[in-house]
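In the two assemblies presented below, chain A is common to both, partnered first by chain B and then by chain C.
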Partner chain A sequence: MAEAGQSIAALAAYLGVKAGKVTLDGRDKIPVVKGKTGTRRGLVSIAKHLVRAAEKNSLLGKTIEDQSAVDQWLEYRVSQLDSCQGDKELTVVLKELNTYLADKVYIVNHIMSLADILLYYGLHTHFVGMPYYDKENYMHVSRWFDNIQHEEGVRQTLPYVHFLRTQIYDRMSH
Partner chain B sequence: MASGTLYTYPGNFRAYKALIAAEYSGAKVTVDTSFVFGETNKSDDFLAKFPLGKVPAFESSSGDCIFESNAIAHYVGNAKLLGSAQEDQARIQQWINFADNEILPASCTWVFPCLGITQYNKQETEKAKEQMKLALGVLNHYLQTRTFLVGERISQADIAVACNLLLAYQYVLDSNFRQAYTNVNRWFVTLINQPQFKKVIGDFKLCEKMAEFDAKKYAELHGGSGGKKEKEKKDKGPAQQQKQEPKQEKQKKEKKEKPKDDEEEEDDDGIPREKESKDPFALLPKGTFDMDAFKREYSNKDTLTEALPYLWEKFDKENYSIWFCEYKYPQELKLVFMTCNLVSGMFQRVDKMRKCAFGSMCIFGEDNNNTISGVWIWRGKDLAFLLNTDWQVDYESYTWKKLDPDAEETKTVVKEYLAWEGNFGGKKFNQGKIFK
Partner chain C sequence: MGFGDLKSRTGQQTLNNYLADRSYIEGYQPHQADAVVFSALVSPPPSDLCHVLRWYNHIKSYSDSERAKFPGPKKPLGAYGPAVAAASKEEDVELDEDDLFGDNDQEEEVDNVRQERLAAYAAKKATKPGPIAKSNIILDVKPWDDETDMAKLEECVRSIVADGLLWGTSKLVPVGYGIKKLQISCVVEDDKIGTDFLEEEITKFEDFVQSVDIAAFNKI
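Showing the complex of A and B:
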C-alpha cells in the first residue's frame, strides 16, 4: 500500500513548498495537516492545497472539464489504488489503467497534471518490484510511468525504475 | 537566443517545423506578413539571400540566411529539442530524415490529388497508400513502448515527423484507416494538443472521411493554357479571405507548394519540356486532344460508358489519326504466349512513342492458330513509325489501314478493341495488350 505521507512530502518537494507536519489519523491512516489557515484532511485536499500554495494551478486542470477529470483521478488514487489489498486487486487497477492509457500520454488532456504525479507516487512501490513480464503486460502503464519519472523534479530520491524498449515475451494478443 | 524573420506563406507545414521549435526554445521568430508568394520570393533582393527562391527561408537578426525547413528549425531550436548527447542527436536526425524520405513523398502523392493540386493516378495513389502503411507501421511499433520519439521529452524529431503527417491526418487518414496505428495516433494527438503546437497550427481536426481526387478543383486550378500565371493570380485573391475559408485557404497553400517542390511540372499535353526537343512528335501540331487525359479516362473509368464517349467527344481529327493493323504472317505464329511476347517486344521498342500514342493489340485464336490485330491512335496524320528509325523494327510485319474517325465502322472497331469485347469480325478473342 502506498504511503500517503510520502506522497505528500514528495509532492511538496516537487512544488518547492513546505508540506507542514503530516499526522496519520485513525485506523484508516488518513493524513492530516494542521496549518495556520486551518486543518486539511485527506490526501486529495492536502495535495490540492499544496499546488495552490505553490501557485501552480495549471496542474489542477485549466478548464472546468479538466479540473473535474483531475479530481476524479485523484479520488481514484485514494479509493482504488491506495485501498488495494493484495495482488489481485492491484491487477484490476493496473488493467484498468492500461486500457485507459492505451491512447493517452497523460492522464488528463495531453498535459501533465497533479493526477499524473500522485498516481506515479502511488504506483511507484508496485513498479519497483515488478518483473519485466508484468511491466510488458501493462505496456501502456509502463510507458506512461517511464515518461512521468523522467519529468524534471518528480522522481527525486525515489529509485529509478527500468523499462525495456523492446518486447521480450511472445504474446498471443498482438 | 536566435531571433529573426521567417519568410513563408501562411499555413506552410514546413514553416511549422521552425515555428513550433521557436515556441519551445523561446526564439523570437517573426513571420514576414508582407510576404507574397510568387513575388517576394522571386525578387532580386530575396534571391540574393536565398538563391533557390523557396520558402520557408529565414534571416536571423545577425544576418545569417538559412533555407530548408529542418535547418531553420535547428537554427531556432535549443538543446532540449536537438538533443545533448551525440546518440540522441543522431536519433533525432534519423527521425527528421524519416519524416522527409518515408512519410512526405507518400503523403503528397496521396493527398495532393484530393486537393486538386496534382492529377490523380490510381496506381501511384495505391502505391503511396502502401508506403504510408509501411511507415506508419514502423512508427507504431516503435511508439508502442515510447511516449516520444527520442528520450522522454518532445524533441525536433517529434516536431518534424508530426508536421509531415499533418496533411495526411487532415485529409486522408480517416478513423478506419488509422485504427491500426493506435500508438501513432496517441503520440500525434498529444503533440498537436501541446500549447506550443496549438499556438502555431491552431485547432486541428483529424480526418473524418478519406478525401478523394477532386477533378473539378483540379480543372479549376489547372485550367487554361497559361496555367501557371493564372494560378498565381488566383492564389493572391483568396489570401485575404483566409479567415472565412480556412479549408480553402489550406488548399491554395498546398497548391502553391506543389510547383516549386516537385519536378513533375508538365506542359498541358503532358510532355515534359526538356524532352520536347528530342521527341519526333514535337514537330507535329499539338492539336486539342489530350492524350494523357484520355489514357487516364481509359485506365480509371469504365471503357464503354465513360472512356469511349470521352474519346469521341475530344478527338481532334485534324491533328490525330486512328489506325487499324493486322499481322501479316499469322501462319508463323505458334504458341499464344510467344505471340504475346512478340507484342510486348514491339511495345518496348516503340516505348518513346508513348507520350503521343495509344494502342490496343489483341490476340485471337489459340495455340498454333492465332493472329494479332489492333487499333492505334497517335498524333499526326501519317504512320508514326516513319518519324523515327528506332520505331521501324516491327511495323513492317503488319498491314496498316487508316480509319475514318467519322465512319460508323470505325466506332465499332475502336469500341471492340478498347473494351476487348464484341465479335471482332468473327475472330475468337484470346487476350489483349494496351500500349499507353
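Showing the complex of A and C:
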C-alpha cells in the first residue's frame, strides 16, 4: 500500500526530523529509505529509526515489556491492517481493535506510543469515508481515534475526521 | 448540571454514558476535571460500567502528585457533566444534536418538577393529553452522480437544525452503477416540522443533492 510512504512523511513531520527519500520497493511496495547511516527497509524499522533520531525514545515504550508490546502493534499495523483487501478483512481488524480498546485509552499502557501514531495513520484513510453509523458501531476505536487526532502535532496535513454520537438510541449494550 | 451523586448507581451510569465516546472528562488530555471527578469516586466502579472503569484505571495510572499537576482550573464537581459540555460546544454545528437532546431533557425535568409541586393540578394533569405527537421519517437522499462526496452530503443534511427535529442513524444504500443514496432517519414533532420543510431544506444543498424522497413515514 502506498500509505506507508504517507505515514512516514507525517511521522517525520510530527517528530521534526527529515525522513529522506522514500522509495517503494518490489511488488509488495516495501518502503525503503537510504540514508548516510545505512539503508532501512520496512515501515517499522524506518519509523523506529525516525523516533530514535528525534530522541523521543519514550514513544517506543519505557519498560522492556512496553517496548515489545509496541513492537507487536507496529507489526500488527503492517501485517494485519495494511494487508487488508476489501471491507470484510477491514471489519475483522476493526472488530478486533474495538474489543481491545474497550478498556484502554492508549494502545500500550497509559501513555501514547509509536503504536498509537502509526495505527492512527493507517486507519485514517478508512475512517475518512466511513459513515457515522459504522463509526458509532466501533465506538471504542472511534473514541481512541478522536483522542489521537487531537494530540498536538500528530494529525499534520491529514483531514479532520468528524465523530457524532446519536443520543436517541442507547447503544451501551454492546 | 453534573453527573449527580457519583456514589450512587445512577450517577455512575450517567458518567458511564458520558465517557462512552470520550477518553477524558474535558478535552483530549488529562485535565483537573479528571482529578476532581476521580476523587469524587470513592471506590473503583463496577465492571459492567466499562467506560467508567477504563477511564478510572487510566487516571489511576497517574500518581497523586501527577494528578495534582494536571492542567486547567479546578472547578466544583457539579460544573462538569453532560449539560455543561453540550453548552460549551454550542458553536459546533455537528454537535447540535446533543443540544436539542439536552434541551428536551431539561424541559422534561422542569415538567416533572412542576408536576410534583403543583399537586393541586394532579387530577387535571392525569387527564391531559399524552406526549407530543411525533413521527419517524426515513428519507432517501440521492446524489447527482457517483462522484458526489457522500460524507460531505451527510454532513450537510445533518447540519439542518430545527426545533423538534432530531437526526438518527443513516446508511449508504447502493442504487447501481456505483451510485449510492443516503438513507437517513429522523424523528420530528408533527406540529413543528413537516415533510415539506425537510425536503426544501435538503434540496437547498443543490451541489450535492439531486432529489429527496420520503422512504417511510411512521407515527410513533
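We take it that the second predicted complex is superposed on the first by the 162 of 174 C-alpha atoms of A that agree within 3 Å, B and C clash if a C-alpha of one lies under 4 Å from a C-alpha of the other, contacts with A are read in each partner's own complex, and residues count from 1 in each chain.
Here is the rule we use: a residue touches a chain if its C-beta (ideal position, glycine included) is under 8 Å from a C-beta of that chain, and two chains touch if they have at least 3 such contacts.
Here the structure is a predicted model, which is why all the values come from computation and not from measurement.
K.L.:
Would you check which partner chain A:110 touches, where first means chain B only, second means chain C only, and both and neither mean what they say?
P.N.:
both
K.L.:
With the two complexes superposed on chain A, say which partner A:133 touches: chain B (first), chain C (second), both, or neither.
P.N.:
second
K.L.:
Applying the document's definition of touching, compare chain B and chain C: which contacts more of chain A?
P.N.:
C
K.L.:
For A:142, select first, second, both or neither according to whether it touches chain B, chain C, the two together, or no partner.
P.N.:
both
K.L.:
Output check: A:162 vs chain B and chain C. Expected answer is one of first, second, both, neither. What do you get?
P.N.:
It touches chain C, and chain B stays clear.
K.L.:
With both complexes overlaid on chain A, does A:24 touch chain B (first), chain C (second), both or neither?
P.N.:
Touch partners of A:24: none, neither chain B nor chain C.
K.L.:
Which chain A residues come up in both lists, the one for chain B and the one for chain C?
P.N.:
102-105, 109-110, 139, 142-144, 146-147, 150-151, 163-167
K.L.:
Show which residues of chain C lie in contact with chain A when the two form their complex.
P.N.:
Going by the criterion above, the answer is residues 16-17, 20-24, 27-28, 50, 53-55, 57-58, 61-62, 94-95, 97-98, 101, 150-151, 154-155, 158, 166-172, 187.
K.L.:
For the complex, give me every residue of chain A touching chain C.
P.N.:
102-105, 109-110, 128-129, 131-133, 136, 139, 142-144, 146-147, 150-151, 162-172
K.L.:
Would you mind writing out the residues of chain B in touch with chain A in their complex?
P.N.:
For chain B paired with chain A, touching residues are 144-148, 151-153, 182, 185-187, 189-190, 193-195.
K.L.:
Spell out the part of chain A that touches chain B in their complex, as residue ranges.
P.N.:
102-106, 109-111, 139, 142-144, 146-147, 150-151, 163-167
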